[in-house]
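Shared chain: subunit A. Partners: subunit B in the first complex, subunit C in the second.
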Partner chain A sequence: MASLRRRAGEGKSQQRMLYFCIVAKGDVPIFEVQLGGHAGGSAGGSGGKGAAGAGSGGGGLQQKEDLVQFILHAALDGVEHKVWTTTSMYLKTVDKFNDLLVSAFATAGHVKMLLLHDHRVDEGHIKAFFHDVHEHYLKVLMNPFYEKNSAITSPVFEERVHSLARRLT
Partner chain B sequence: KQALARQPEVMSSSKPYARLGDVAFDKMEKINAELLTMTYGALVTQLIKDYQDVGMVNQELEKMGYNIGCRLVDEFLAKSNVDSCATFQETALVIAKVAFKMFLGVNCDVTSQSSDGRRFDLYFKDNPLTQFVELPPKCADLDYSNILCGVVRGALQMVQFVSEVKLTKSELKGDTGTGIRVTIKEVLKESYKDDDE
Partner chain C sequence: NPALNPRATLSLIVIMSSSSSSSSAAVLTSGEGDEVKEQAVRRPLVDIVDKPLSRGKSQVTLSSFSYLFSELVQYWQSRVESTQELERRLSDAGYPIGLRVLELLSWREKQGKKEKSLLAVLQFIRSVVWRSLFGKVADGLEKSTKSDDEYYIYDNDPLTNRFISVPKDFGHLNCGAFIAGVVNGVLDGAEFTATVTAHNVPNGGPAQTVFVVNFDQDVVKRDAAVNGYK
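Our next item is the complex of A and B:
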C-alpha cells in the first residue's frame, strides 16, 4: 500500500486523499495537514490559498493541493448552512466535489474542522476522529501561550492528529 | 547522625511528615486546580508581554514568590502543627512532605541532600502550574515555575535562613517532573535592639 502511494503523479486514483484542516472564526485556517499516505503536513498559516507544503511529487500533485484548499474553502458555505440545522457538533457531510466528500465538525466557538476524504472512510470513524481532535484542540487552547485564532504550531498536536488519522485509513 | 540521614533512613523517617502533610492538606480549603493553572498561565503570559525579556520575567516571578513566601510561612506554621526542626534534614522533609503537600497538593520528595544538610533537592511530578502548558521557542529559557522558588526562599527567610533556591528540572523542558534545589547560605541570629538606649 505504501509503494502505491509513492507513485505520485501516476495512478492518482489509488492515492488516498485525506486532508484535514481547522478553520477559526473568520474563515482563517489555523491548522492544515495532509493525512494518510504522504508523510508530514504543513502547519496552517494565516488565510491565503497558498499551496500546502506537503507536495511530494510532480506538478500534478501540486495542482491537486491547490484544488484541495479551494474545495475546503467552498465547503465552508455548506458548513455555515448546516450549523444552524442541528445541535450536535458533528455535521456529517457538508459538501461534495466529484468523488470527494467534505465532512465537518463545528464547535460552539465557531471553530470548524473539515475533513476532505473519499467515500471509503467510515462515518463512525470520522466522528470519533473529530471528537478526539477536538479534545486535543481544547488542550492547545488551555496553553496560556497560545493565542486564540492564531496558527497552531505545537508539534505535539500535529503528532497526535497524525496518530489519530491512522485509524481512519 | 549524618549517616542516619542518608536515603534509606530518610525514607522511613519521612512517614510522620507525610502524615502531617496529608492531614494539613485535608484541612485546607480547596480551589479548582484548573483555575489555578489558568490564572498562573495568564499571569506569566502577561508578564512576558509587559517585560518582553525572559530573564526579567524569571526575576519578577521569583520576587513575587518571595513576597508570597514571607506571608505563607505564618499560615503554614499555624496550620500544620509541625514541631521546630532540629536538623536541616528535618527542614527539607518538612518543606517537601508537609508544605508542598499542604499548599499544592503534590507529593514531593527530597531526592538528595548534602552531608551538612545545607543543600538539598526537592522533586515532584504533576506540577499543577504547568498543566497544558507548552513553551514557545522564544521562551525556551523561561523558568515557568520560578514563583515556587521565590516562595521557598521567602518562607525560609522569615525563619532566619538566607537561602538560594533554583529550578533544576522542569516538565516543560523535557524532564519528567519539577526539581528545585535549595541551598541554605546563612543562618541569621535574631538580634534585639535595646529600646532604652
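Our next item is the complex of A and C:
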C-alpha cells in the first residue's frame, strides 16, 4: 500500500502542477506520480487514491489529488477522440481545465500516458518526455512476468520517470 | 541435414527471455572464503529499465524453438479433454507475445507510428510482424467474400507445424493456433478485437495454414466511421 508522507505546510509553497499517469485498458491507472520539485509528494500504485497516509496538512492536498484524478479521467474522453484521427502516438493537448492543460500520448497498444501541466511547459520537452517514458515502459512490458495492464511497481522505473521529468520544469 | 538446423529469424524465445535472463545471472555468491575468483564474473545487477531495448538482430535456432514448442504442446496435451481446448491453450500461450510484439515492433520498425485502420493493421501483421518473427512476409492476405468482417492470412509453412505430425484421431488440430494467438494479441492490443483461428487448407500445399480473422462488429463499424468509407 502506498503511504503518503506529507510534510506540514507543503501545500503553501509554490508547487508546480505537474502530474503524470499511465492509464491502461479499462481506464485503470497503472502508474501515477506527481512530478516536479517535491520529493515527498509522489503517489505510486494502481487505481489508488493514495488515501493511506493522513498527514496534518492532508485535507487540502487530498482534495487536490482527487481533483487531479478527476481531471485526468475526464481527459480520457479527449484522448479517445483524438486517438483515431492520427497515426502519431503523441497527441498534444487533449483537454483543458481552468488554466491547466492535459497532454497525451497513446502507444501502439493503446496504453495512454497523460500529463497534467500548466502552459509554461514547452511542448517539445513534453514530446521528448513521453517518448523516453514510452521506451522505459516498453522495457517493463518486455518482461514476460509483467502482465500487461497491471500496475507498474518498479521503483527504478519511477526513479527514471522523475529524472526525465526534471527536463520539464 | 539442413532442415533440422537452419537459423530461423525468430524473436519469440528472445522476447520471452529477453530482459530477465541476464539480470538473474549477475549475482554470484562469492563469500570471503571462496577461492573461485578466476571463474567468477561479477556483474552488477542492472535493472531492466536501464538496459537498452533489443534492436532485433538476434536469432534463435529453429531446433531450440521447435524443442520448446513441442514441450509446450506435450504439456497441454496431457491436460486437456479435446483438440479445441488444446488449440485454445496454444492460442492463449501466443497471446501475450502478440501484445508485446505489437508494441515493440511499432516502436522499432514504424518509428512510433500506430495503425488506425483495419487494413493497415492487417498489413502490419502480414509484413512487419511476420518478417520479424519468421523471416518472411505472410504468403497471402485476403478478404472474405462472404462477410465484411472476415479476413484470411495464409502461411505456406508455419514454423510451429514444421516438426509436428498430427495423427488421424486428433482430427483437425492445427498447432498454428499458437501463431493465431500471437495475431490475436496484436489485434486486441491495437483495439481491433477479433477472433483468430488456424485451419489447414484443404486444397493447398501439405503444410499450408490459413488464419481466419473475424473482427467484432463494432470494430468494423468504428473503422468505417473513422476512415470514412461506406
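Basically, the second predicted complex is superposed on the first by the 136 of 169 C-alpha atoms of A that agree within 3 Å, B and C clash if a C-alpha of one lies under 4 Å from a C-alpha of the other, contacts with A are read in each partner's own complex, and residues count from 1 in each chain.
One rule holds for everything that comes next: a residue touches a chain if its C-beta (ideal position, glycine included) is under 8 Å from a C-beta of that chain, and two chains touch if they have at least 3 such contacts.
What you are looking at is a predicted structure, and each value in this text was computed from that prediction instead of being measured.
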Subunit B versus subunit C as contact partner of A:Ser154, first or second or both or neither: both
Touching partner for A:Ser88 - first (subunit B), second (subunit C), both, neither: second
Which superposed partner A:Phe145 touches (first subunit B, second subunit C, both, neither): both
First (subunit B), second (subunit C), both or neither touched by A:Lys112: neither
Subunit B versus subunit C as contact partner of A:Arg16, first or second or both or neither: neither
Partner, of subunit C and subunit B, that touches more residues belonging to subunit A: C
Which superposed partner A:Lys64 touches (first subunit B, second subunit C, both, neither): neither
Subunit B and subunit C footprints on subunit A, overlapping residues: 139, 142-145, 154, 156
Sites on subunit A touched by subunit C in the complex: 83-90, 106-111, 131, 134-136, 138-145, 147-148, 154, 156-157, 160
Complex contact set, residues of subunit B against subunit A: 34, 37-38, 40-42, 44-45, 131-136, 139
In the complex with subunit A, residue positions of subunit C that touch it: 15-20, 47-51, 53-54, 96, 99-100, 102-104, 106-107, 110, 112-116, 120, 189-191, 222, 226
Residues of subunit A defined as touching subunit B within the complex: 139, 142-146, 153-154, 156
